[in-house]
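Notes follow once the structure below has been shown.
Read from first to last, the chains carry the letters A, B, C and D; within each, the first residue is number 1.
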Amino acid sequence: MAVRVQREDFDPGAELAGFSSGKTSVGGICLFVGLVRDYMGHDPRAGAEVHAMTLEHYPGMTERQLEAIEAEARARWPLEDALVIHRHGRLEPGERIVLVAASSAHRDAAFEACRFLIDWLKTKAPFWKVEHTQDGDAWVDARESDEAAAKRWE
Amino acid sequence: MAVRVQREDFDPGAELAGFSSGKTSVGGICLFVGLVRDYMGHDPRAGAEVHAMTLEHYPGMTERQLEAIEAEARARWPLEDALVIHRHGRLEPGERIVLVAASSAHRDAAFEACRFLIDWLKTKAPFWKVEHTQDGDAWVDARESDEAAAKRWE
Amino acid sequence: MKVLYFAWLKARTGIGEEMVEPPPGTDTVGGLVEFLKTRSPGHAAAFETLSVVRVAVNQDYAGLDTPVRPGDEVAFFPPVTGG
Amino acid sequence: MKVLYFAWLKARTGIGEEMVEPPPGTDTVGGLVEFLKTRSPGHAAAFETLSVVRVAVNQDYAGLDTPVRPGDEVAFFPPVTGG
């Protein structure tokens, strides 16, 4: 189990390799990586081009909330392991923002827990994105679809 | 888009790296890796210890079915990319069996498509496992839970 | 007609692949199965419980009613257990 | 009491972090907000629409009714948008 908040990039392959190494009770690993897109909002034709974004966070509370989310995942599913990595600072399109992963004897638990981790993280971990476009900077609004996704787990 | 059926192991990190490289329209990548467990059946306390398993398959039909499953995923979700790798031959506990991955602008599509790929693969791709235990060899029975998981997508 | 067997159907028939010439009028998978059962006690054992046997004609899933004709590739196997 | 502001609340107040001494009797987040609004026009602007302001007391999510006392760390920020 681990939670990391960092400015630097991470290597999903290396994280994944460490995840299952030497364990013969793991049946499946589910991993999700979130990346910076190059347009604002939901629709690539409607949104302005994003040159970069900056992720602000609340040091201390971020780690505390991520650890609580991971503990909740472990309480709900029989996980062999779980991992959350979230970056902060300035990020350009194509860069990795976040990685969540869960492993279990059975794929159901791995998938569900992985989905839970990202859904709760999106609505509970204190990060805020500001997008840098040619029209200026704009704080990203919270999305109702993210709220709805998180509510499924309540 | 790619489907590979092979005896050799694969490197999930390398596959993942190739998946998102250079794309700035991908918001999320979901990846699942299935591994060989060291016990038979669902419950580690009830099942005999598995020393190894051998995956038999139907060359030709396997590729054909995997390609059809991947095409179906692409028809159902707006994917940026999809990947299926499945091994055959003899495998020991802890070894990787299968990798499925999907990327999309939005995480919903990536998660759903990834789950769909493994659920349909489990009930439609012509692979058969025989487990080698100290009590002898035993063909693995199809599981009703896998049938139920696949039916969700019909 | 080319017939393939996989997993425990291969173990029971003792054969992975065989070329067969079913009698004239054998035009469905079901008819082919009736013919194959007569080839050996192993074949009969393989097809003893048809509810646990799956079939593919030319590499697509098929049923007992599916038509077959000379030149087809017909495969018999248990429910799949990959992934 | 330590008060933190993030994202556009930081931009509006012009402050990331400040130490404040609210008047005696300020014993909830709601009371603290009323006090903070009087500190500058930027503060007033930050707290203009409370429905889009989230709060944490000592790094746990809280509400306007949550008790606060001297020594607490209270943070105000918009709904989160990480991940």
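By our rule, a residue touches a chain if its C-beta (ideal position, glycine included) is under 8 Å from a C-beta of that chain, and two chains touch if they have at least 3 such contacts.
Model, not experiment: these values are computed from the prediction.
Using the contact threshold fixed earlier, the set of chains in contact with both chain A and chain C is B. Placing every chain at the mean of its C-alpha atoms, the farthest one from chain A is found to be C.
With each centre defined as the average position of its C-alpha atoms, the distance from chain A to chain B rounds to 23 Å.
A straight line joining the Cα centres of chain B and chain D is 49 Å long. Separating the CA-averaged centres of chain C and chain D is a span of 73 Å. Averaged Cα coordinates give chain B a centre that lies 26 Å from the centre of chain C. Those residues of chain D in touch with two or more other chains do not exist in this structure. Multi-chain contact residues, meaning those touching two or more other chains, occur in chain B at positions 34, 118. Per the contact rule defined earlier, chains pair up in contact as A-B, A-D, B-C.
Interface residues of chain D, counted against chain A in their complex, comprise 4, 6-8, 56, 59-61, 75, 77-83.
By the touch criterion given at the top, residues 34, 55-58, 60-61, 64-65, 86, 97-98, 118, 121-130, 139-143, 146 of chain B touch chain C in their complex.
Within the complex, the chain B residues that touch chain A are 11-14, 16-17, 20, 22-39, 42, 44, 93-94, 105-108, 110-111, 114-115, 118, 145, 149.
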